[in-house]
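In the two complexes that follow, subunit A is the common piece, with subunit B as its partner first and subunit C second.
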Partner chain A sequence: MTAPLLEVRDLSVTLARGGDELPVLDKVSFDIAPGEVLGVVGESGAGKSMAGVAIIDLLVPPLRRSGGTITLGGERLDLLTPRQMRRVRGKRIGFVFQDPMTSLNPVLTIGRQLTDTMRRHLPLSRNEARERAIAWLTRTGLPNPARVFAAAPHELSGGQRQRVVIALALCAEPDLVIADEPTTALDVSVQAHMLQLLRDLHEETGTAMMLITHDLGVIAKMADRVAVFYAGRLIETARTEMLIARPLHPYTAGLMQATPALDAAGVMRVKAIPGSMPGLGATPPGCAFHPRCNRSRDLCRQVTPPLADAGGHAAACHFPLRQEVA
Partner chain B sequence: MSAGDVLILNEVSKAYDGRVSMLDRLFGRKAKSLQAVREVSFSIRKGEVMGLVGESGCGKSTIARIAAGLMAPTGGEIGHPGRLRQQMIFQDPFSSLNPRWRVHDIVAEPIRTHGLRPKQEVSARVAELLTQVGLSEADGAKFPQAFSGGQRQRISIARALAGEPDFLILDEPTSALDVSVQAQILDLLRDLQARLNLTSLFITHNLPVVRLMADRIGVVYLGELVELAPTSAIFEHPRHPYTRLLIDAAPDLDAEDRSLHPIPGELPDPSDPPSGCVFRTRCLFATDRCASERPKLRKIGPGEVRCHYDLDLTGRELVA
Partner chain C sequence: MISYTVGRILQTLLVLLVISFIAFLLVATLGDPLGLLLPPEASLADRQELIARLGLDQPLLARFLHFLGGMMQGDFGLSYRTQEGVGAMIAARLPATIELAFASLLVTLFVGVPLGILCGVRPNAAISRVVMLVSIAGITLPNFVVGVLLIAIFSVQLGWFPSFGRGQTVDLGGWTTGLLTLSGWQAVILPAITLAAFQVTFVIRMLRTQLLEVGQSEHIRFARARGLSERRVWFSYAMRNALLPTITMLALQLGNVIAFSVVTEGVFAWPGLGSLFLQSVQSADIPVIAIYLIFVGAVFMIINLIVELSYPLLDPRLRRGRA
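The block that comes next holds the complex of A and B.
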């Protein structure tokens, strides 16, 4: 087994509110191997984005990292100064957010933004950077790359902007790309193009990816492994095929049933999970999912289940689903 | 058209005058008029859920606004045989609720406007509606900001039902919600549908959602209705290449088959659509005829298709 590229251990993030420190992330641990795609899934508010933002150290008060370690390629990111961290962002970790305008400067041309990013991190002359920028725009499948190079962000469509942002995230050849809901705001047809692009570039460059989404369809197509988040905790992780074929945690199974899909008889089905995820500071004792779980018993209300690993498939549940099947 | 129709659109078109933003003016661009909807015809029968699907910008919301009578078409006509009381539910539960009104007053408004209940019964009716959509009577005292996206959509639904509509127009009612909240709202809508025998127009860009909700589906591309058929026919025997590509584009939950199926090419500029068939620039089957002659919407099997050819698209891999 290769050493992980990214190791996150016991990552905790809190939100200060009225003298209290509310847990946003509660001791979350996961690894990403070099070149691996880790899918991060869960309902909105589960803490997916905060995990990504904590890794690149962009949390702003009232949010802060309150514990845990983050190691990238053997180096402890959590010990770096803000100045050192700025060099990690963009160079070693690229990011793509749901709204492309988060990553784009509205008043600079696309070409300027790409060349600036590359020259900040790579030893390139102006001309070399320009050539590479055009090459990146070509690779992302944008029609007329020379025109896009000279264009301002508002002159492009939403889908075109997201392609530019993907080029921006990858142009400094990072080891890891954090993509937070990169296709959520897009139409199905544009979404499929964008996923194809992410996959192609991932295969060409060998970069690892943390792909955050609430869409299990995206996970099924893109992720090597999945981490399921619920109320600030990681509650299940496994290889994608395994997790989808046999989820252990009732929450994961619930998310799958909540995604409209055909059943064995070819009929479209959807089944909602009752209730809603607890808000910040309202996490119930024991298993955070117990109030919504039809399998919960006294133990679930009293003791928080640890993430128990069984052959690469780990779930934080006292009564995981597979026991029943066997 | 039959006696049971509650809404009839006959060759409805809508052209918008060009929009010129400050930036456009700065760059010296002139206004271009835009044919957002072109000769769309369909009717909705009593008790039926009619679905409309298509990519953003294809004209779905324009059709919805015309169907709701909020906007006049620039061509064609729209008919409501039998008097209709209609209500509309929008995608964005944040902007469609007045932040200065309490939930109780928001839900009571259609009851008061239409004089549906005597004054002293309004509060009881609001409580009943809030319960029906999975909220509580106590929630009526709060303001919309106190609620999550899914709960606000429940408030919109309660408000729509308060008007006792016999026709409901839902424009992307779950597109702003995440999967689990979407599932709850879809459950609620299906339950209300069954109990109240509502007639509705359900608009979405999500194919699995429309498959779940609709009895019949219209597929819209660049302002034109390219296919119209019962739901099972749309999915099992699509007749228009665009329908087939749209169905394939959404990633399913099968992690063994990782293939992605993007629709080839890009959406043309809607203010400058292709000649002949609007889809021909992205169609694998396009011929010279498709560039010169606009196909008519013609009957085929249980539905209608706007394509010159009788293509068999069942089970065919359209994208390599």
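The block that comes next holds the complex of A and C.
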């Protein structure tokens, strides 16, 4: 196996509230290999977006990174100065924002935003930057790229804007792209196009991707490997086909059953997980999922299960599904 | 865009016409010009002769058209108080007021804008907190109090600056300027600060609020996530968004500047339009008051027009589809 591009070890994020430091992310570790797509899945508030933002060091107080290491291509990002970190953002890690309606500066043209970003990281003349920007707009499938270059964001539709956001994240040719719910804010009809675009660009450029989503369907289509987050912890990770075929953690299994699907008779089946995820600072002792789990025992209530790796499939559960309950 | 511009100019002209009519009604219906212009012992024939000469026997509309026509040709009527042409009186006072306004604009730009940016970019720095605290004084203290306080400190106690007048002036072909002499500059400093006090605090608070708000927005986070430098993020990405509302609010504040300039000129005996207006009000010199109102209205409208027509330069959202 090749050396990972990104290594995240024991990443913790806390939120300061009234003198307390509430854990948002609790010692999360994962790797992304060069060119790999890691799907990060979980409910809202599970900490998956926080992990992405923490990697590029853009957490806004009262949130802060409270521990752990982040290594990109052998370099410790968590030790860099803010100035050095600005050279990593955009250039080595691109970030696709969720909502295209608010992510673009309303008073600057698309071209200006693209060329500013490229010229920040690459030695390009004004004209070269312009040509490349138009090439990127073409690559992202925008009709009439020269017109889009001169346009202001309000002249484009939501789908077109998201294509621009993707172009902005990729235009300095980063090794890793973090895409935070890149399709959530879009119409369903546009979502499929956007995923296809991300897939195509990923294949063309060979960039690795951290795809953050709550949609297991997106994961199944896009990701090589999956990491499941629950209440600020990573609870299961495996290759996508392994995880979907045989989830080990009861939460992952529940999440899959909660994804709407048509059964053989064409009837929509959705099975919700009872209860809800614990809020900030309300994580129960032991396994965070035990109050909602029908397999929980005393052990689950007392001891937090470690992420136990078994042949590339790791789950943090005392009584994983493959194993018979004694 | 062109038809929009033409439309706005026509609108401006229409409003100016209405202002002129109201000002004309003041002249036509208030006061008794005959009593003011003729000696008490004037005969009935003298009176009839003056009525005919001033056109007071004509119908109201004809007199208004005559009034407008006169203004077009530079005839702004006669002052009841001094019997001089109102146009000449205003022209003589105009340079002082324009120079005062210009000096206070400089103060606003060179003090207000940098401090506003500082308070918006570093809202928690000690110096920002001090600026915000002091700026409450600028918002709450009335203009004339600021002026009197400045006089008490810098003219009476320290003796650095004169407390009235505009110092030595130089006549440049009909434009008397105080900006070419040292005493002229010394004289303009206190009135300029007084007049700018409100504007400065206004700009600081407005820019701060706007920058704080824009600084939280997703597009600024995205600009940071693309590695753009802090300087670029603040000065070109955030400032562009913060500037438009600030300029709009400043233009709307112009009425305050005009009102405050009357007060400031009064406090510092500054020989400009504001003190001319005060003198005219005290002696019920209706023609001067009327022309002053029209003049102020015209300045107000024209500056607002320029500001509005410059929006598309700042905001591409306004560039298309607004014809």
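Note that the second predicted complex is superposed on the first by the 315 of 326 C-alpha atoms of A that agree within 3 Å, B and C clash if a C-alpha of one lies under 4 Å from a C-alpha of the other, contacts with A are read in each partner's own complex, and residues count from 1 in each chain.
Simple rule for what comes next: a contact is a pair of C-beta atoms (placed from the backbone, for glycine too) under 8 Å apart; a residue touches a chain by one contact, two chains touch by 3 or more.
Nothing here was measured: the structure is a model prediction, and the numbers come from that model.
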| item | value |
| --- | --- |
| Partner chain in contact with A:256 - subunit B first, subunit C second, else both or neither | first |
| Touching partner for A:217 - first (subunit B), second (subunit C), both, neither | first |
| Partner chain(s) touched by A:154 [first = subunit B, second = subunit C, both, neither] | both |
| Partner chain(s) touched by A:86 [first = subunit B, second = subunit C, both, neither] | second |
| First (subunit B), second (subunit C), both or neither touched by A:265 | neither |
| Touching partner for A:169 - first (subunit B), second (subunit C), both, neither | second |
| First (subunit B), second (subunit C), both or neither touched by A:44 | first |
| More subunit A residues in contact - subunit B or subunit C | B |
| On subunit A, positions contacted by subunit B and by subunit C | 154 |
| Subunit A - residues contacting subunit B, complex | 43-44, 143, 154, 187-193, 195-196, 199, 214-222, 240-241, 244-245, 254-261, 268-273, 276 |
| Of all residues in subunit A, those that touch subunit C in their complex | 56, 58, 86-91, 94-95, 97, 99, 102-109, 113, 116-117, 120-121, 152, 154-155, 165, 168-169, 172 |
| Residue ranges of subunit B in contact with subunit A within the complex | 23, 55-56, 148-150, 178-184, 186-187, 205-209, 211-212, 245-246, 249-256, 258-263, 266-267 |
| Subunit C - residues contacting subunit A, complex | 217-230, 232, 236-237, 240-241, 244, 314-317, 319-320 |
